Amino acid sequence: LDRARLLIKCPDQPGIVAAVSTFLQNFGANILESSQYSEDPVGGTFFIRMEFACPGLTDKKAEIESEFAKIGARFNMKYEFRYVSSLKKTAIFVSKEPHCLRELLWEWQNGDLMMDISCIISNYEDSRELAESLGIPFYYIPANKEIRNEVEQKQLKILEEHNIELIILARYMQILTPNFVSHYPKQIINIHHSFLPAFIGARPYERAFARGVKLIGATSHYVTNDLDEGPIIEQGVERVNHRDQVQELKKIGKNIERSVLARAVKWHLQDRVIVTGNKTIVFD
Amino acid sequence: LDRARLLIKCPDQPGIVAAVSTFLQNFGANILESSQYSEDPVGGTFFIRMEFACPGLTDKKAEIESEFAKIGARFNMKYEFRYVSSLKKTAIFVSKEPHCLRELLWEWQNGDLMMDISCIISNYEDSRELAESLGIPFYYIPANKEIRNEVEQKQLKILEEHNIELIILARYMQILTPNFVSHYPKQIINIHHSFLPAFIGARPYERAFARGVKLIGATSHYVTNDLDEGPIIEQGVERVNHRDQVQELKKIGKNIERSVLARAVKWHLQDRVIVTGNKTIVFD
Amino acid sequence: LDRARLLIKCPDQPGIVAAVSTFLQNFGANILESSQYSEDPVGGTFFIRMEFACPGLTDKKAEIESEFAKIGARFNMKYEFRYVSSLKKTAIFVSKEPHCLRELLWEWQNGDLMMDISCIISNYEDSRELAESLGIPFYYIPANKEIRNEVEQKQLKILEEHNIELIILARYMQILTPNFVSHYPKQIINIHHSFLPAFIGARPYERAFARGVKLIGATSHYVTNDLDEGPIIEQGVERVNHRDQVQELKKIGKNIERSVLARAVKWHLQDRVIVTGNKTIVFD
Amino acid sequence: LDRARLLIKCPDQPGIVAAVSTFLQNFGANILESSQYSEDPVGGTFFIRMEFACPGLTDKKAEIESEFAKIGARFNMKYEFRYVSSLKKTAIFVSKEPHCLRELLWEWQNGDLMMDISCIISNYEDSRELAESLGIPFYYIPANKEIRNEVEQKQLKILEEHNIELIILARYMQILTPNFVSHYPKQIINIHHSFLPAFIGARPYERAFARGVKLIGATSHYVTNDLDEGPIIEQGVERVNHRDQVQELKKIGKNIERSVLARAVKWHLQDRVIVTGNKTIVFD
């Protein structure tokens, strides 16, 4: 409960680590984990993630943040303090296929995904029972291309009511509009059922079968307005062979999808993912 | 030396296996390995690969082949007998990067790639010493887009002199013309440095880096006139992360390339790869 | 429904495939899949698995089996016909950890594990709700070393009432006695939480941590009287590193265990696994 | 050339990172990479590896080291400065199988293994030509159990003459005595041809075959006096199946061995491996 993460992005120069770690020490914090990455030591951007424990953190929070502003200014930092005790309010979107939703709920019940699942939204009724058996509000909002704007208005209203900070598209098979995406930049995680950038768009398993690939995969990425082009968080693949018809590819694919998405979400929740340009830094 | 492989492709119907295995038995052959695949038991195409040992095969060859023609006709088969004792005459093409060539030569020296390496052709002198140290004829033919036709004429002449049956492009960085490819259908194996169909074309590692993928790969395929679109034989991938710059991707990629190519070549030499449409069946 | 599998084991000699395939053809059967393996073409044991479709199979069954006896005798075969329509009656044993049970039930609901789950037996009450929600009889039988014999008597009685043909130990943490095992030879599948033969016995994750391995794994095998020494069906591993404490190893391990067990069970149900000596042939 | 690595091990307490990073900053150093690990933030041991660039390092070296002694004393540190410009003097031991030696030499020629290969020592003459073609002194010292002490005396003499800092056993098939090992603690890297702790000792592929495992592996570890029980640096595995006889296991195994050993050596040369107890921390 007394743990926090400090995420920093700034121009690289000598003295950053010294300044930050001295600052934290002066508040009695112990650095538990520290990961850094420099795009280029000369003139590049520097990224650091520090996880620290600090006795009495709740009381010191305000002071720490206001004091740190000086260091932030000195090094021209973009930074953020994130508190482990404050779980991210999350909405999960799902269509008909429940395997990714199930995996997330299962890991969440086990305590492996530290989030506050505020609601599940679906264009099918199929997952209602599962959601409600766990006490999670379930919203059924039928959707299709023609009514996209109305659908998104309803969804956005629900998301705002719940103060949602993270949206997980757990095989939600509707395209989101730029308007919707603009409300949640770098806050929407999707699972695409191919090893991107191969098979962008619809029906990737059918196309993988037609191409005769020997590996199929899945990709979890942040959603941007370019379909399947957002920053990649995690990918996975499995071997297939000529005997595997589209049905088998889908079965094998489901196992890849659920584990790739679960890993991506876990890293996001632990504030291990930093987006830079159209790429991610993952401090795993 | 008394071993052979029988490769068959025909419309599926009951009785094929019975007819073929009875035929081989009547010649005293013992079936060592048999792999079959049917695209669809009703009206689909049926494929079978049988490897058999037959005492006195050399003397019986002609009779076996002429007798089998009847079965072939009955079932409307395309088929081929391939004799293990007859090594495929092979040419290896290479440009500057020697890692794939080295791997092939190394496996060949170990007896793991049963082929007759008739020559090595390169648009650089770099691999001459290696080739000649193993007693393999080396041909240096400078190449570039402008002189493509003359270059290919020289190459084709050499290939014909050596009666080449298989061409391995072991990181040969020149595009082949349709005319060249038409001389060696399903007989040219390439290694492409990406997990196709991602990053078709030039500079795949640079583009993989720009896209921020978390896996890089390599693909071995038969060459057709559609660049990087030929039937895939084998693929492999390795994990990478945000720290890996283009240079590191290339290093990691080299290890994938050499092992993927070596596996594809091994399967081809063992007559385990059957091309159907733009896909391969690999009876491994 | 008209599909069956024929499994054969006999001394290798020419003519087996011809005889069997001619026999099946005469009954109008179409061979859908055929896999064979010879330990040694000269004097070794030969194994073959044929899956075939035969219109009107139910009516022809008795005649096929009685006629095949002649071929069986001629080649000194051990053989078995298994009918796809006849699902194996299965009991799943589980202790406290539900992840393997959940995975099996989930794949079974999806139609990916074709079995008749007759009952779930546990020494904990935890899985009752899950079992009963799916209409599967659940038996709670507390167990410990001291009362092993009484416990097994109760279990055997239930298994006999249900005519069980397959027992899956889905993280059942009690050792079975030789008496129990002798009732179900090659019919009990266990998942052991290490890459055997490393870490045989109790607390493998603790020992893996202590040894500092960089890979952890799981092994699914048939149960014999030698603890963790039975024929291995399938294994899987994942990378770990120095940061992973025992708790993390267990979490990572759960994902390996559930997928390794599910694959092993699927292959067993499809009659793809043949035990020979203390090893398995898996015709996957 | 102005790069160095600082490796520290000390009791965990707040302020370490601040002190060290401030120290380095005061000398004008820029921290390029920093990795840390704490066994337990309360009372555990803390490890950190910092790689830094420092203009004029050669001239400042002495002062940096003498000044740092104060910080070392304050935090009760064991620490070491290692300079990237100072390549480790390395001896490679090999017996008959050359695949690991070849891989190391190949990566070394490519500039991927930054070491000074001072000599190659073998109990066979086979690798002499390869060694000498690269200008590396080759010592042929026949060896067997009976003459172990004399052999090791000769080897130690050569190692001392060359001021060897690292010994790589690249499939050197002789057991080293405690006396020999005591001269090079944590400085001898071996490749064992199994996924340890499975198949400790001789003939692991034969035993893997007999056990019927579905994965084979290799393990690179530091050599201690307990055979195959030293701290593990890296492991790898590949799938095998029932068709793979001992010969095939060995072939597949060679590819695992060479890549596992090359990774372990690379990490050691980059000072990324820290031994703690009988385990390693690998800051990769």
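We call the chains A, B, C and D, going by the order they appear; numbering starts again at 1 in every chain.
Following the convention adopted for this analysis, a residue touches a chain if its C-beta (ideal position, glycine included) is under 8 Å from a C-beta of that chain, and two chains touch if they have at least 3 such contacts.
Quick caveat: nothing in here was measured; it's all calculated off a predicted structure.
Farthest from subunit A, judged by the mean position of CA atoms in each chain, is B.
Counting C-beta pairs in contact across C-D and across A-C gives the higher total for C-D.
As a whole-number value, the distance joining the C-alpha centres of subunit A and subunit C reads 38 Å. Mean C-alpha position of subunit C lies 42 Å from that of subunit D. Not a single residue position of subunit C touches two or more of the other chains. Taken pairwise by the contact criterion, the protein chains are fully connected, each one touching every other.
The touching residues of subunit A, when paired with subunit B in their complex, are 37, 195-199, 211-215, 217, 231-237, 241-243, 278-282. The residues of subunit D lying in touch with subunit B in their complex are 102, 106, 110, 112, 251, 255, 259. The part of subunit C that touches subunit B in the complex is made up of residues 12-15, 17-18, 21-22, 24-25, 28-36, 38, 41, 53.
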